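There are two complexes below, and they share chain A, which is joined by chain B in the first and by chain C in the second.
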Partner chain A sequence: MRKYLAVLRGQMMRGLAYRSGFFISIVGNLVFIGVLYFLWRSVYSGRDQINGLTFDQTLLYVALGSTVFILLKTHVDWVMSFEIREGAVVIYLIKPVDYQMVMLTFSAGSSLLAAVIVTAPTIALLVWGLGIGWPIGVGTALAPLALILAFLISFCFDYSVGLSGFYTESMWGLGIVKDTLVVVLSGALIPLQFFPESLREILLWLPFQAVYHVPLMMITQPDRPLGVQLTALGVQVLWAVALFGLTRLFYSRAIRVLRIAGG
Partner chain B sequence: MALIHTEDLSKHFKILNRRQGLAGSVRDLFSRDYRTVRAVDGVSFDIEPGEIVGYIGPNGAGKSTTIKMMTGILKPTSGTILVNGQVPYENRIRQARTMGVVFGQRSQLWWELPVIESFRILKEIYGVDQQSFDKQMAMFDSLVGIGELYSQQVRTLSLGQRMLCDITAAFLHNPSVVFLDEPTIGLDVSIKAKIRSLIEELNRAHNTTIILTTHDLGDVEALSRRLIIIDKGTILYDGSTEKVSDLVGSYRTLKVQLSQQDGGNLNDGVRDRFGEDDGVSVQPEEDGWTAITIDQGRVPLSDVLNHVMTTSQVADVRIEEISMESVVKRIYDGALR
Partner chain C sequence: MKRLREYIRLYFLIEAQYIKARLHYRADFFITSVGMVISSLATITVFWVLFDSITALAGWSFEEMVFIYGFYLIAISPMQIFFDHIWQLRFEVEDGRFIKYYFRPLNMMFYYMSEMFDIKGVVQLVVGIVLLIYASANLALSWTFGQILLLIAVLVGGALVQISLVVMAASTAFWIIDSWPVLSLTWKMREMAPYPMTIFSGAFRILFTFVIPVGFIAFYPSTLILRPGDVPMVAYFAPVIGLTTFALMYWVWSRGVNSYSGTGS
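Moving on, here comes the complex of A and B:
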């Protein structure tokens, strides 16, 4: 475990090494939140509620959606495809480390950094800058756990696309398909309440909504019945376990290709 | 017991035969037309603890493929390979603790971070305790004075400084065997000498076995008593470095660039004067250069140079050691038998 903590620390230091990028991220995100504010303000002009959501709830949902997106997007698919193509992947294979754990740690390091650079300022802007009411309830307490599970599921998506790099030299197309699926079907772009009833019923059982919809609902509507929230959490746990198992299996197959066909 | 044991070790790759042109590329999408490349083909050798072995050969000879099998990255197509009595690819994580690897063209240090941070991360990855860590770091500093580089970002290091750090990093966890793949590639003479003495000291400090692949015969001559030459996947020579250096040491390549295009005349002139019997051969090259290979055991280089200077208008002259390719060719021709 200590070795992955050291890698985590290194990854965060690496993120901080690019100082100008650090500050640009903070400012860029705040500007984006401003744009969202004015966009949804005009959508809500003259109306109190749309699809059962108030302006505050919707803005909180989409604004947090974008920061949570940055928090959960691991980019590990791009990193891996680059490293596999360049042959840099051998650096991990000659060390006493588990490749998936190193990749997970890299992602966790970047996300922790993003939590400080992007998420914290966003919350500050929403609450103090724009005066959005922040609802408190059971869901507020469950949200951190839901976020961690969402991170693991999101990692599995990105990691499996990355692993496909062992088979094909270009995973660009696959990466785009995955990103689109996740963004649209997870409720990151548009809240799932805005989807037709029948489609929403199906989506609620897919792993995509476990990434954005579940934690975002817990934060924006923390007062829903406990049973509903725990079920959502349970679905997340199931998907996280299932996807981790699948990616393990995928890795052992993919690494065999490398072992036999060469890097 | 041998630290590394290989027997009839082979690695074959299946490679798609690519067609030419755009139409060919489209047809390649569905092609099943493969050919087999025998990267390593029936290699056997034993390496004892504490040895420094030079593992050399021209480009594409199978050096890196052998290293990748010894480190457990690649699985052999057939044959036996044991490192520390274990099959490398079967228990990769446990095996990795006992090995160190340096790929000359690829750094294992963290590019954006100060050097010392990479060492700290490696310390945790290999589970090195603080006391051994301090001891190793003190030794590295006394050997090459890398202490002053610790606070520098890796990306700001020169190639030579980076290589010193990469090599010491591979020794940090005190492995029983270290693989150095082209550690002196692209470095100038003075830093090469520094790296050679570092490798020698590190070998001596803990009796670490070192496998060294290189293009530069000088590395091997300076470091290892034993030399394995591989070409086209098979072992061409496995024996003392001395014998090969005797062979190579007496050969030099004299490269001459003429001020006008009379390469043909020079060719004939040198041939008339010395002839093949004297071990002199002439080979015209690009851009008006001519390569004259000389066996100094038979004809002094100064004689040939003198002859060329007096009979032709010479614009530029270079003297080079014999290339890896020519060494291999000479061994094929039976020079060591």
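Moving on, here comes the complex of A and C:
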């Protein structure tokens, strides 16, 4: 465990070296939330509710979707494809560490730092600065857990694209397909309530909704029955376990095709 | 003029070699193209879902939004195809590789950009054209020769704005080295281009029209074709804005190139 904590700390220290990047992230995200405000105001023009969501609920949902994006997207796919192509991946194979755990703690370091430096101040600014209503309920307490599970699932998506770097160099194509599927089908761009009924039924059975929709619903509608919320968490746990199992299987196969030219 | 012909000949020579090298990776080309198509259609999916609940966005119908988005994809594709190398600038400036571009009797921007020709940008262009044709058929737009000329002219204007904004953002690397924050912010603002600028008010309208003029990449110029009778005043300035931002960008780039002193290695 200690060796992974070292990776986590190292990545946080590295992140701290790029403070101006975090500042720009905050500003960029706030401008983007402003854009979302105008876009959804125009969608709602004159209507109180669409698909059972009020304007305030929808705005909070999409604004938070954009704000937690920086926590949930790990970039581990790009890091891995680079390390595999350059052969640097070999340093993990000769050390007594688990490659997946190293990558996980590596991403967790970046996300933890972003949570403190970007997400928390943004949320504080939204609530106290701009006066966006923040409902409180059971879901509010469960949301941090849901976000951690969402991070684990999102990590599995990025990690499996990273692993395909053992087979192909077309990382751009695979990465963009994964990113597009995740943001469109998870509710990150548009709340799942807006999707046509039949399509929404399908989306709720896919792992993508466990990344954005589940935690965002807990924050925007924290007063839904406890059973509903615990079921959502349970679904997240199932997906996290299943995807970790699958990615470990994938790794044990992929590592066999690795050829590194010299040193 | 002779010089221009020489440059065009050179460009074809360089890109022919580049494309030959890329075509060795057929599978890569296929996966990349699929990725480009899917990511280009993501916004259309968002529109499609939104228009399940509403009939118009700020007065614009689904087909009109598809038209503007198709226009947008076409307008951003020259940046993707011819200027894709700009994303590497900050690395090359940081580690000193950029110094090599000073040693050829060629225009430096030409030389730098010619080192990459992004084929997936062509896929983006094709998706844009398909969407534009689909939307214009559904909207029953009547095309005259004059209108096609106007379309091409405003597309060039939009493309110039897109190229200028990104190259300018990347050129900040000459002064601040790590231009990533500026680049990513610009890239994010640019994603607003296919939305009707009329949904914004106050500071945001001014920001996207005059400060970071992403409104001129797609929305303002495409209104000239979509609703000739109902065009915002600023839209008529679209080609001028394109040329002006390009001139400004070239000035910034030249200043940057002249102030760069390498890394001493």
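In this section, the second predicted complex is superposed on the first by the 258 of 263 C-alpha atoms of A that agree within 3 Å, B and C clash if a C-alpha of one lies under 4 Å from a C-alpha of the other, contacts with A are read in each partner's own complex, and residues count from 1 in each chain.
Quick note on the criterion: contacts are C-beta pairs under 8 Å (C-beta built on N, C-alpha and C of every residue); 3 or more make two chains touch, one makes a residue touch a chain.
In this text, all values refer to a predicted model and were calculated from it rather than measured experimentally.
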Which of chain B and chain C A:Ala88 touches, first, second, both or neither: first
Which of chain B and chain C A:Val97 touches, first, second, both or neither: first
Partner with the higher number of touched chain A residues, chain C or chain B: C
Contacts of A:Phe250 with chain B and chain C, given as first, second, both or neither: neither
Contacts of A:Phe155 with chain B and chain C, given as first, second, both or neither: neither
First (chain B), second (chain C), both or neither touched by A:Arg2: first
Overlap of the chain B and chain C footprints on chain A, listed as residue numbers: 18
Chain B contact footprint on chain A (complex, rising order): 2-3, 5-7, 9-10, 13-14, 17-18, 87-88, 90-91, 93-98, 256, 258-263
Of chain A, residues touching chain C in the complex: 18, 20-21, 23-25, 27-28, 31-32, 34-35, 38-39, 41-43, 45, 50-51, 168-170, 172-177, 179-181, 183-184, 189-190, 194-196
In the complex with chain A, residue positions of chain C that touch it: 25, 27-28, 31-36, 38-39, 42, 45-46, 49-50, 52-54, 57-58, 120, 178, 180-182, 184-185, 188-189, 192, 195-196, 199-201, 204, 207
In the complex, chain B residues that touch chain A: 11, 13-14, 39, 65, 68, 71-75, 89, 92-94, 96-97, 99, 101, 103, 106, 108, 110, 112-113, 117-118, 120-121, 123-127, 153
